[in-house]
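My questions will all concern the structure given below.
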Amino acid sequence: MVRLKSNLSVNIGKLKLKNPVMTASGTFGYGEEYAGFVDLNKLGAVVVKGLSLNPSRGNPTPRIVETPSGMLNAIGLQNIGIKAFIKDKLPFLKKYDTKVVVNFFGNAVKEYAEAARRLSGESGIHALEMNISCPNKQAGWIAFGTDPKVTFKVVSAVRKATPLPLIVKLSPNVTDIKIMAKAAEDAGADALSVINTITGMSINIKTRRPHLANITGGLSGPAIKPVAVRMVWECYKTASIPIIGMGGIITADDAIEFMLAGAAAVAVGTANFINPKATMDILKGITAFMSKEGINDVKRLIGGVEC
Amino acid sequence: MSKLFLASIKENKEIAGSHYILTLSPLTKTIKPQPGQFFMLSVSNGLDPLLKRPFSIFRVSEKHFQILYRVVGKATEILKNKKAGDVIEALGPLGNGFPRIKPNIKPILIAGGVGVAPLFALAESVKYKKPLFFLGARNKKELLCINELRKIRINPVIATDDGSAGLKGTVVDALSAFLTRHSSLVTRHCIYACGPKAMLRELSFLAGKFNIEAYGAFEENMACGVGACLGCMVNTKDGLRSVCKEGPVFPLGEILW
Amino acid sequence: MVRLKSNLSVNIGKLKLKNPVMTASGTFGYGEEYAGFVDLNKLGAVVVKGLSLNPSRGNPTPRIVETPSGMLNAIGLQNIGIKAFIKDKLPFLKKYDTKVVVNFFGNAVKEYAEAARRLSGESGIHALEMNISCPNKQAGWIAFGTDPKVTFKVVSAVRKATPLPLIVKLSPNVTDIKIMAKAAEDAGADALSVINTITGMSINIKTRRPHLANITGGLSGPAIKPVAVRMVWECYKTASIPIIGMGGIITADDAIEFMLAGAAAVAVGTANFINPKATMDILKGITAFMSKEGINDVKRLIGGVEC
Amino acid sequence: MSKLFLASIKENKEIAGSHYILTLSPLTKTIKPQPGQFFMLSVSNGLDPLLKRPFSIFRVSEKHFQILYRVVGKATEILKNKKAGDVIEALGPLGNGFPRIKPNIKPILIAGGVGVAPLFALAESVKYKKPLFFLGARNKKELLCINELRKIRINPVIATDDGSAGLKGTVVDALSAFLTRHSSLVTRHCIYACGPKAMLRELSFLAGKFNIEAYGAFEENMACGVGACLGCMVNTKDGLRSVCKEGPVFPLGEILW
């Protein structure tokens, strides 16, 4: 009996992935850190830690604290800078048969555009993910991801600076994510990443000090999954570009839930910390689900929720 | 290489108020840990607690390994109720461990509180060198492993904050007194330490003053344990370094306090 | 030896509570449901399920689904109406030596004002909590709690309609809760309740249908605690009226965390479902914490976080 | 009055694929539950799973009570791994339970799947009336409690969806055939049912047709279990009613489908 292999490939605009399982920026280092646990060749894409033009030191410690079914982080976008990434990290990633998505940010519109330009010249980088939604930056910066006019401006500038597929990563800390999705799409984004972390705070009642040196941090993990699924679904109904869903995905069932809500691919973040093989287990679980349910093309899950 | 594996609990024994020794039997072949390395342990299969927790290797034998832990919060509260036969998930061994001790060097081991865990592992592996051991705690009740140390013929110098056992004062005060008395010999010594950050800080100044090489095992809140999340950085002369991957052991002289 | 009893009383504007432990609206019924578990005399206040002028049927079932360390609800503000409340439920509550706070809503500015007027005539009602932040209402209604201009308008109208202490309950589903807090304060609110539930969604991957008949629902429970603590702290820094903190309080430690963040009192919601005696355990725990830490007045905790 | 109490697990036994009987010993005095009432059980001390889960009373004895549960998700997965001696928290008994059966009335008990749990409790309490029992399941393997029923001298009429045991078809089909054959006697009968909503719905039409009194035990997702959250409402001729407090047993004729 000939058994047709199920089709796992998905398209994020011009970016073709062999399967919908990606890593979430900042939770998978530059790929190397998990290479002992995960066969990077099997990933749909590796999304690296957020880069800026110049190296950045990030925030003081403590940077991490656990919360119920979640965690707060205030890394503060520590990174080695684009130059060092290209020299020291990219060659490693190029050895693998996977897509490399570079997450990046700037401190001003010009810096965003300049960073995109620098990254676009390099072979081995298949797409850019633009972070306009880190909750650990100062008040002024936050407008990139919360004020649709500013979003439109910065995405437009980056759009002009790069021919690579451009993914815009949206913040959940907004009244209406549909407006933000529209702004990014109108400015030329090829895809949306939904969601970044939700701003939170946790206080040590004995010392009376916040658990994080930065006072507030970004909430990730299963705790935020219902909020993330809702936002993916809202964006799916509003925008006509593909969505990468993320926020609390631990199991294959979670990943499928995001795809049904409208995600064309999923990114696995906090789960890597709990189970360094999480991406592989999720991939296997999606395949198992498809064969159990008789689904031969994973694309048929996208937006499949019946409301 | 570190590994993700299941281990079954052989024993989980209270050794002092709120302090336990957990003996684990890995269910698959694992890598033998070195003193100063650590494991990340899951205490639940559910989503709360969510993250694995780091614990230093306390003792290694052919088939088992042990950790010594203090009950301080959510995960350790759950851990203390685990029973023989329960299975937990572990990741490790992680981190660099203490550097090999050079020939002709006399190790001085100094531990504050539950920081004794990795130093006991080190003491066992270098007991032929007859290391000096300085052991500190808040009070007599919280002094750990004195009997275990004596069994490997190490008679620790003791200090307690309240003077309820040994010298009154910090364990660094005790070491300081010792070094002052034996200052001619110090260049043949090397210090290995684990304890609260404030203790390591004091110690680094002391070691600097006497110009002795000194290494400390650090702690920071961790999420990944493998250098990926950048959660656990310490500030060194070489820039930020991850405690989980580039540490937890750093030369104290390299730390920017 | 004379041992001074610690002072547990707090003031929410003109409303004086014997202790800071209240119940959260919609999680404690009309008080009766928990009277077998809790001595209502010992509560700082009972906040009843949200009332409207006319009875309301709410949403179809399923209305509840659990999520990691949280739950989604889409009750849809089912209630017996103000008239039936006053006739059938208020007499029971009047028998107790506690403060009765009536949570209410309207479907238009006029209805809000009219509801407030009706409730103000009754003895035994000590304060009103105005719900402008239910996530289970239609898009137009949502503006009451997300558009500061609309918030100002509706709160002003209610302010004119009632002499009772007026608490405004804020939505977390906003870009900047500080602006919303300011709008409510400027319109004459005496206090703020922070926060209501966060909009979320959960999908059954086998049936491909949302777990809730209403599709989306409000996320409550420990999962949202870090977000709630952050918002209480933001409101505390912005507004000069007292804040009632809520969102994921399960233990006394959680309640103390909210007070340190700036809450003058706390409301216990989802915790009642897990442990019907939660409010009593929390009250005992706060007292124990105070005596352990040598704090003789609970008011000294308010806003005590050191950043 | 319902109570919050701790109970220790005496036994947790698999009785069929994915189906278990849990025997609990309350650690304090509790109220004796009636057939049709239920308990809310916590399966963890942590925050995930968060809410208690409702389970019908299956059997009561002097010191113990039992529930019969099917493993379907997060909480029941955890429950099935609990061992004798583990302690869990319970709230109950909750709900109204089945109404007392009037003299001269012959009860017909009808159960679909795990819905057998409350009906077994009812059967035990009215066995002297020699109730008729209709038992349905998807297939032979999922038929529950046949032996337990036979031990109390009840020989159930069996129906399976796939015909692997008893009649092929639903248990309501089986009852329908019976009522058609004995239509002259039906006014001396009263139906008590538990099972999927679709089954209760079919049954209510059948009972209406034959003009027999019928009661069904309902299920809805629950949070509080005490009528406070308004999560578990059913639509009746009298308006919305809570399954947890005003139910779970309702006259089928009152339900608006």
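We just call them A, B, C and D in the order they show up, numbering each chain from 1.
The definition used in the following text is that a residue touches a chain if its C-beta (ideal position, glycine included) is under 8 Å from a C-beta of that chain, and two chains touch if they have at least 3 such contacts.
Keep in mind that what you see is a predicted model, and the values were worked out from it rather than measured.
Among the remaining chains, those touching chain A and also chain B are C, D.
Following the contact convention of this document, B, D is the list of chains adjacent to both chain A and chain C.
The distance from the centre of chain B to the centre of chain C, each centre being the mean of the chain's C-alpha atoms, comes to 46 Å.
Rounded to whole angstrom, the centroid-to-centroid distance between chain B and chain D, based on C-alpha atoms, equals 55 Å. Chain centres here are Cα means. That of chain C falls 36 Å from that of chain D.
Shared interface positions of chain A, i.e. residues touching 2 or more other chains, are given as 68-70, 221-222. The set of chain D residues that touch two or more partner chains comprises 47-49, 74.
Taken chain by chain, the contacts link every pair, so each chain touches all the others.
Residues of chain D that touch chain C in their complex: 1-2, 4, 42, 47-52, 74, 91, 220-234, 240, 245.
The residues of chain C lying in touch with chain B in their complex are 68-69, 222.
Across the complex, chain B is touched by residues 26-29, 33-34, 36-37, 49, 57-58, 61-66, 68-71, 73, 75, 78, 221-222, 250, 270, 272-277 of chain A. Looking at the complex, you find that chain B touches chain D at residues 44-49, 74, 78. Across the complex, chain C is touched by residues 67-70, 72, 146, 173-176, 198-203, 205, 207-210, 215-216, 219, 221-227, 229-230, 233, 248, 253, 256-257, 260-261, 289, 304-307 of chain A.
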